[in-house]
Amino acid sequence: MATVEVTFTPLPAHVRTARLVATAVARRSGVDESLLDEVRLAVGEACSRAVEAHRKHCPRMPIRVALTDDAERFEVVVTDAAPADALPAELAHSSATQAVDGVIHQLPPGVGLAVITGLADDVRISPAGAGTSIAMSWKRHVDAA
Amino acid sequence: MATVEVTFTPLPAHVRTARLVATAVARRSGVDESLLDEVRLAVGEACSRAVEAHRKHCPRMPIRVALTDDAERFEVVVTDAAPADALPAELAHSSATQAVDGVIHQLPPGVGLAVITGLADDVRISPAGAGTSIAMSWKRHVDAA
Amino acid sequence: MDLKLGHYNKDGIEVVDVEGEIDVYTAPRLRELLIDLVNKKNYQLVVNMEKVEFLDSTGLGVLVGGLKRVRAHDGSLDLVCTQERILKIFRITGLTKVFGIHDSVDQAITARKAEK
Amino acid sequence: MDLKLGHYNKDGIEVVDVEGEIDVYTAPRLRELLIDLVNKKNYQLVVNMEKVEFLDSTGLGVLVGGLKRVRAHDGSLDLVCTQERILKIFRITGLTKVFGIHDSVDQAITARKAEK
């Protein structure tokens, strides 16, 4: 099984589509049933984050989700095109509990990244063009289709 | 709601992914529940046809499915990159019943197109780059998201 | 949904139960089963499609292929299907004229026996 | 799955039933409901998440926002959740230390009354 790629304009509804696709392809790729919830959640977090960044910075640009697998792993890469300037701050402010004591009514933007890191057993965050890409991968059963 | 695009390498399993996405996006786009079966089937036929053509002619090239909507309609365009030379013959040989009396054990390649034409209320088949694109559309409820 | 296949003999007719989706991905398995049954000299087949959730032209092709194989041995391939969304595909392609389509396995068997 | 919201008063505590997926798409509706309840002077809330099928950080954000709003009025927001996959997200983010998480609505109410 090779690559499936999904691109979508930054609308919250499309995050659901991305989650749906990622979960279905992961299942077919041989990712264990018990891990599918993690795939769904991590991909959803990465896409929600990208949607918010695009709505702020580049609402007409699409977000890209690439799904691939090799002999051992199923990989999802979510790539946005929003300026990555905010990323260091985001990585620094990933504590949900601090937010509770703060004055703002929102979680810091880094919480989504913290959730992803807590879920996927292999996460790489790197610059991609003007934006950022988040690569996450999970083990697959090598005997699957 | 704007564009979702799915590209995939020509594997039968990915046709299922394409069907899944098309149905989910159609639902969210406000296509009537009673039409979703048609969307699923027509998109599946168009993708199966593209997968077969790519496997024969260009197994490394991806197939593209674009999902868009405007005020009134939800549109799916399936674009392949396989040489379109065979298309006229395909359109001419779309009778499933003739095949029953023939000697070969397969339906003629045009049957998929006949099914699509029988299902979607608006179908356009046109050249697209080196290949062919099949555009199908369905009415959506204008009050949906 | 994956494809589930089962088969059993009833009154000398081989009944094939099909459950799930018959499409470009799973149709090869149904094709293999039908070929296998014919190779084992089952020429009177009934394919029960009551639990089929999805059928496309690849699936139709496999059914037509099966029909032609059994006919080469003066056999028959009848279908059981009452689901409107599945029947629609047979109608669009004109295959309602080619297959005997029945409301139940028993009805299909009775009709086949009567034709003998 | 879409998000379904309901709420009712029990022993002076407003219980919010949440069913379905709380994500970037549906979270705004839960946020609005919580704000509305607080505006109507309900400062003791229990959010019943037993029928939540999906929760992401956007959903967590709405719950934290709700907690902060009721705390501004010396109120409380407790959760009912026994589903491991939902609890996991609270653990990863450390929010198990912030929310009272209970096994049932009755338990949540009893615990809250005892604290008064």
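Letters are used for the chains, namely A, B, C and D, taken in the order the chains are written, and counting of residues starts over at 1 for each.
Heads up, the rule we're going with is that a residue touches a chain if its C-beta (ideal position, glycine included) is under 8 Å from a C-beta of that chain, and two chains touch if they have at least 3 such contacts.
Worth saying up front: this structure is predicted, and the values here are computed from it rather than measured.
Shared contacts of chain B and chain D, meaning chains that touch the two of them, come down to A. Any chain touching chain A that also touches chain D would appear here, but none does.
If you average the Cα atoms of chain B and of chain C, the two centres end up 25 Å apart.
Per-chain CA centroids place chain C at a distance of 52 Å from chain D. If each chain is reduced to the centroid of its CA atoms, chain A and chain B end up 29 Å from each other. Chain A and chain C have centres, each the mean of its CA atoms, that are 44 Å apart. Those residues of chain B in touch with two or more other chains are numbered 13, 16.
Touching two or more other chains at once is no residue of chain C. In summary, the structure contains touching chain pairs A-B, A-D, B-C. Of all residues in chain D, only 21, 23-25, 54, 56-58, 60-61, 64-65, 67-69, 85, 89, 92-95, 97-98 touch chain A in the complex they form. Contacts from chain B toward chain C in the complex involve residues 12-13, 15-16, 37, 40-41, 44-45, 48, 51-52, 95-97, 99-100, 105-107, 111-112, 114-115, 118-119.
Per the touch definition, chain A reaches chain B in the complex via residues 1-9, 11, 13-14, 16-17, 20-21, 24-25, 28, 62, 145.
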